[in-house]
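Two complexes are shown next, each including chain A; its partner changes from chain B in the first to chain C in the second.
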Partner chain A sequence: MMALERWLIELLLHFAARDEINVFLRSPQNTATIIGCLIAVSGALLGTFLLLRGMALTSDAISHTVLLGIVVAFLLMTDVFGMVGDTSSPWLILGASLAGVGTVVLTELLYRSGLLRQDAALGLAFPLLFAIAVILVSRFAEDVHLDEDAVLVGEIGLAWANTNSHCFDNCATVTISPDHPQAKMARQCRNCRELGISPRDEGAEFVEICSNCGSYSPAQAWQAGYLQKEPSLVFFPKSITVTLIMTALSLLLALVFYKELKLTTFDPALAKALGFRPGVMNYALMILVSLVAVGAFDAVGSILVIAFFIIPPAAAYLLSDRLAVMLLLGPLIGAAGAFFGYDLARGKFFGFIEVGDIIAGLNSLFGLDLPEQWDSSISASMVLMIFIIFTLVWVLSPRYGLISTLIRRANQRRRFDDQVVLAHIHNHQFTDRHATELRVKTLHLHFRWTGRKMGRVLARLRALGLVAVVNGLAQLTARGETQVHAFRGAMLEAHNMPDID
Partner chain B sequence: MPAEDKRVWLTIAGIVVLGICFLPLGQWLFGIRYTYTVRVVALGGAILGVISGALGCFAVLRRESLMGDALSHAALPGVAVAFLLAGRDLGFLLIGAGIASWIALRFIAALLGTTRLKQDAAMGIVLASWFAGGIALLAYIQSIPDASQAGLDRFIFGQAAAIIESDVLLISGAGAVVLLALALFWKEFKLVTFDGEFAIANGFQVGLINTLLSTLIVIAIVLGLQLAGVILMVGMLIAPGIAARQWTQKLHHTVILAAVFGAFAGGVGAVISAIDADIPTGPMIIVVAFSLVLASIALAPGRGLLWSSWRRRLDSRRFARQNALRDLYRYALSHGSPGRPAPDAFIRGIGDRSAALGLRQLLASGLVETTGDSWRLTDTGIEAARRDAHSLQLWDLYRLYADDMGLPLLAEDRQLDIRDVLPADAIGQLEAMMEQRPN
Partner chain C sequence: MNDRAPLALSVEDLTVAYHSKPAIWDIDLGVPEGVLMAIVGPNGAGKSTLIKAVLNLIPRAAGRVSFYGSPYEQARSLVGYVPQRGSVDWDFPTSVLDVVTMGLYGKLGWLRRPGRRERDLALFALDQVGLLDLVDRQISQLSGGQQQRAFLARALVQDAQIYFMDEPFAAVDAITERAIVKILHQLKERGKTVLVVHHDLQTVEDYFDWVTLLNVEVVASGPAAVVFSPENLQKTYGGRVSYLHDGQVLAAGD
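And then the complex of A and B:
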């Protein structure tokens, strides 16, 4: 991981000076936005396949168990192996993603017992695993970094502060030994506690210990003032590296196995018959979903991450029928949400509306007394922004959007009404009942419609020149006649029936 | 009372007794002290368990378990908004939660009605977005200097210790109304749960009934929030229903049993978490509820894993015995007389274990005797084999003529003696028919 970071920084150094990089990365906004975008891209890539496979909520199950995996691995690391607990340690990531895949297997087993349905198995498995994780956190891990708040929302706003330092020039590591001129020596009583005496009492024995001995990395040495020349350092946030690796892996999966994923998603039976192994692809997907969920845990917590998996692909699904386009649109939508989401957390809505103004408006409208300073959770705001974009897409999408769907349905309803009335007139004109069946005043009764609806339909048909009213009776015009015949012909052809007329 | 009904009532009584016994047992084993707080929390937990268990059954049966998850996450922004508007009064907070969940419910319905998104995606979208809204609002509330948000956090993970007596009264009142509504619309709910199309065809207002049922489920979720929290509430809602479903096939039994399971999980979970201040109540309740599910899956008569593996074992023993008897009889008849011995190698066939199993049983009940390398039916054995063969012949006739003769229709099961499953007069008719036929 360090090597990768170093390589990345060297790449960046071609484009920008060292100080510029440090200033850029030290801004909470830049780091949070980068991490948010990376999570959004990897989540949307994998989420597209989950959505199309009807497994959207599997990401929910996985993200919940990942918490249990992290907690167990964390406790094992700190309490059993005595290591320093760090939620971006590779061991922890590995253990937690195994736990994630384990849930999928567990749910499958519960479901295969035949005693409960799939939704029930999922709905049972993840609250349980989450409950165990919460019990463990509050029982054993009270004083560590894993608190309940971090579990919920992550700490994307603080990600800039958790860095690895990389040194590029004047890189002196300093080792302070007891005979070093800068070593700080102190006398400490060796047996005071044992004997219960004070250092001043007789019989106290002393040892010399060095309070600042040890080896210092260049960054630490500079900070402690052991170096004359400032080393040229770059501080790189750890979370960016982790999420970058996850994104690269997701991209790799989506690009290299595009064909396989597509086939096993849309036609698993065919894939099996052709010798692809749908099960293998499925587990590869699950492993990556777990990895991304673990990688995102630090930044956005274990619940909000499912938004990055589900919402952007759902929005892309309302815009396009093509998998490749969806794979492009989903990450874009997610990244846009992450980008504008940071501003939302700081009170700016797409840059032109201030949330504070809205609150002020509400205050004056309802006589409330809410502070106008809006300063909120960054990860939650990113999710809200993604949701807002989704809602916009849903309302406005040209083919599958709300407006176009409503218009299409209204058109269909109108066309249906028109055809029914035309057919009724066609069936009854020139019969001996036409005087009762076609009287305009009573026509609506034959359809059990209201008179107003009938009036609307008739007015439309007359305006189109399909129907004429003669002596209070409705009649088809010549154009109406051709219309009915064309429609009948199309219907009969569609149902493959001979014309009996 | 039929055997199954009796069993269900026995189970219910057993759980109630177990729950009551747990109180002194917990005191004795773990040194739990039943302070006023513990008593209030346990009572609240038990009452919430009854409500969510009873309504959760419907969520489970309608295959909407995960809807419970989405709706409970969706309650969070409502709590926050209610807090901003009306302060800390629990009644207002719950009303806010209910409104937010209900809007989420309608939003999911709108997504499903107007797009091609599937239910799981729609629920995931709403779950994550509403939850994010709630978190964002909570963060905003936290930044308000004088209005400490203490007390709202409890809606996320649940905090039973914060329940006080007036809360229990509120929960009981609202719960009584919900259960009353359930009783009043019992027939309608049952119908739309099991056969919605039939309900539509018979002129029921299915949309209205569904909305009412979902609203009741929302109320149950909202009432349980402060105990289990928005994340775990789904477990509280569906686990009792899933456990109860294993024990019975009847809706009213399932609902009553789920209510009892829910009360057990709520009460016992609350009491266990009183052992140590660090054990959170909500998650403990979920763990107890899940243990009930595991126990039910393993033990429930009829469906449970232990039960069905035991029944499979019995069946395979019975089939082995029957097949060995039939093989011996057929071999003997085709070689002259029923008493002829059959060689051991022939009867054991290709060495599958079931022949040995069957022969051992026949030997033990004295139907066969062996000389070591051959097997012979004894007189009682021949008698039993004849009865069996007779039954098979009757089954043949039944298959051909049951319809013509107007006999009661059964699934054909040749492992059973037909005389045990058909009434005596039907057997008489079949035997008369056999007499007439010249073989």
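And then the complex of A and C:
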């Protein structure tokens, strides 16, 4: 991880000075936006396949049960192997992905027993694993930073502060040993507590304790004032690295196994018959979902991450009927949500509307006394913004949106009304009953329509020059005649089309 | 058929059970190369199960299956499969051309992407089933019959030796039915073997030259002219088949 960060920073140093990079990364806004976008991209890529497999809620389950993996790995690390607990350690990530896969396996087993349906099996498996995780956290890991708030919404706003330091120049590491001139030595009573005596009493034994001994990285040494010359340092937020790796892995999976994922998602039976392994692809997908869930865990918590998986692909699904386009649009929508979501948390709506102004407006309009200062959860605002984009798409999508669907239905209804009337006139105009069937005044009665509706349809047909009224009788014009032949032909063709021979 | 013709498919003692209840029971079946075979039987007779078990899509409780003498794993490229239309999500964001191209994924293997050659093959197959005008449609915009023909085209591009089709005639229009029959006969002319799960007893003798009557066990299997008799149908369907005077089948109840 350190090597990757170093490589990244070296890459960045080609484009920007060291100070600029530090200033940029130290801004909570930049860091949070980058992390949010990375989670959105990886989530949407994997979520597209989850959505199409009807497994949207599996991301919910996995994002919760990874907690069990994290906790168990954490306890193993600290209590069994005596390592220092660190929530971004690779071991925790490994534990989390195992827990994610475990959830899927457990669900499969319950489902295969034939006694539970798939959704019930999932609903049983993941609260169980989550409950075990919560008990372990509260019982053994109270002082760790795995508190309920972090589980719920994450701490994306603080991600900038949790960094690895990388030194590029004047990189002196400092080791302070007890004989070092700057060592702070203190005498401490070794047996006072045990004997219940004060250090001044007789029999007290003392040891020399060095309070600042140890080895210091260049960054730590500079901060503690052990270095004369400032090392040139870059501080890189750990969460960016973690989410960047997740995004790279998700991209790799979606690009390299695009064909295999598409086939196993669309038609697992054919995939199996052709020798692809739907089971293997499924578990690969689940492992990555777990990895992204745990990578996002610190930043946005285990509940909100589901929105990053599901909402952007759902919006993309309304915009396109090609998988490749969905895989492009989903991440874009998610990233836009994360980007504008940060603004929303800080009181700006799409960058130009001040939420404070809106609240002030509401206050003055309704005589309310709402606080006008707007400062809310970043991760929740990102999710809200993703949802707002989804709503916009849902309403406005040119093909499957609410408005275009309503318009299309209205058009279809209108066209159908026109055709019904045209066909009626066509069928009767040269028969001996045409005087009764085609009289404009009574035409609506034959259809059981209201006079108003018939008036509207006739007016439209006359305006289009398809129908003429002669002596109070409706008749087709030459154009109307052609029209009737055209749509009847099309209708017949729809039944027969396309011809085989 | 003479006895020395190679068996395209040979099934021995195949049993599949769902929760200890046998779905198909001790199936022995030899299908000669180049026949058009209907698999006929009442609902729950295990027709789809037989196909799926033969293709290793579901676990077998017992039995052995070979294609031209080889087990399925080695004969994959010889086998084409047309699943039931209802087995996939037709709202999936993909085009007709794309679905047909999927038939070639097996030949491409892992990681290799379909290219121009695959596109041309898919277009050729779509032309054969009469869907050339609809190649760029999203698949939910097809009628049921057109969807079935797309599935058929997907099997055609596999260029297999032996085809398995699970109810290709279910709920399709007359045009599609004619198209499928025509394709079946073209396949036969090219020496392919085709096994079709079929429901319409009236058309069995018109469309197929070989029949397997199945009701959990194989009731009879052989040339349609010999096997497709009122006695055998009676055994397969129980008393639920009624006949016209000349022995022609009128209808089979479920």
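One rule holds for everything that comes next: the second predicted complex is superposed on the first by the 408 of 501 C-alpha atoms of A that agree within 3 Å, B and C clash if a C-alpha of one lies under 4 Å from a C-alpha of the other, contacts with A are read in each partner's own complex, and residues count from 1 in each chain.
Here is the rule we go by: a residue touches a chain if its C-beta (ideal position, glycine included) is under 8 Å from a C-beta of that chain, and two chains touch if they have at least 3 such contacts.
No experiment lies behind these values; they were computed from the predicted model shown.
Trainee: Per the contact definition in the header, classify A:G275: touching chain B only (first), chain C only (second), both, or neither.
Mentor: A:G275 sits against chain C, while chain B stays out of touch.
Trainee: According to the stated criteria, A:D119 is in contact with first (chain B), second (chain C), both, or neither; which is it?
Mentor: First partner only, chain B.
Trainee: Which holds for A:V256: it touches chain B only (first), chain C only (second), both, or neither?
Mentor: Once the two structures are laid over each other on A, A:V256 reaches chain C alone.
Trainee: So in the superposed three-chain picture, is A:Y317 touching just chain B, just chain C, both, or none of them (first/second/both/neither)?
Mentor: Once the two structures are laid over each other on A, A:Y317 reaches both partners.
Trainee: Tell me the contact category for A:M326 with respect to chain B and chain C: first, second, both or neither.
Mentor: A:M326: touches chain C, not chain B.
Trainee: For A:L57, using the defined touch cut-off, is the partner it touches chain B, chain C, both, or neither? Pick first, second, both or neither.
Mentor: A:L57 sits against chain B, while chain C stays out of touch.
Trainee: What's your read, chain B or chain C touching more residues of chain A?
Mentor: B
Trainee: Should A:F266 be classified as contacting the first partner (chain B), the second (chain C), both, or neither?
Mentor: The second partner, chain C, only.
Trainee: In the superposed arrangement, does A:V134 touch chain B (first), chain C (second), both or neither?
Mentor: After superposing on A, A:V134 lies in contact with chain B but is clear of chain C.
Trainee: So, does A:G225 touch the first partner chain B, the second partner chain C, both, or neither?
Mentor: So A:G225 meets neither chain B nor chain C here.
Trainee: Would you tell me the residues on chain A in contact with chain B in one complex that are also in contact with chain C in the other?
Mentor: Looking at chain A, the two contact sets intersect at 54, 317.
Trainee: Would you mind writing out the residues of chain B in touch with chain A in their complex?
Mentor: 60, 63-66, 68-69, 73, 84-85, 111, 114-118, 120-121, 123-125, 127-129, 131-133, 135-140, 143-145, 156-157, 231-236, 238-239, 242, 245-246, 276, 278-280, 282-284, 286-287, 290, 293, 297, 303-305
Trainee: In the complex formed with chain C, which residues of chain A make contact?
Mentor: 52, 54, 114, 256-260, 262-263, 265-267, 269-276, 317, 320-323, 325-326, 495-500
Trainee: Which residues of chain C touch chain A once you look at their complex with the stated criterion?
Mentor: By the definition above, chain C touches chain A via 19, 52, 55-57, 73, 76, 79, 81, 83, 87-89, 92-95, 99, 102-103, 105-106, 108, 110-114, 129-134, 138, 140, 154, 173, 175, 178-179, 182.
Trainee: List the residues on chain A that touch chain B in their complex, please.
Mentor: Spelled out, the residues of chain A in touch with chain B are 51, 54-57, 59-60, 113, 115-117, 119-120, 122-124, 127-128, 130-132, 134-135, 138-139, 142, 148, 152-153, 303-304, 306-307, 309-311, 314, 317-318, 345, 366, 368, 370-371, 373-377, 379-381, 383-384, 386-387, 390, 394, 400, 402, 405-406.
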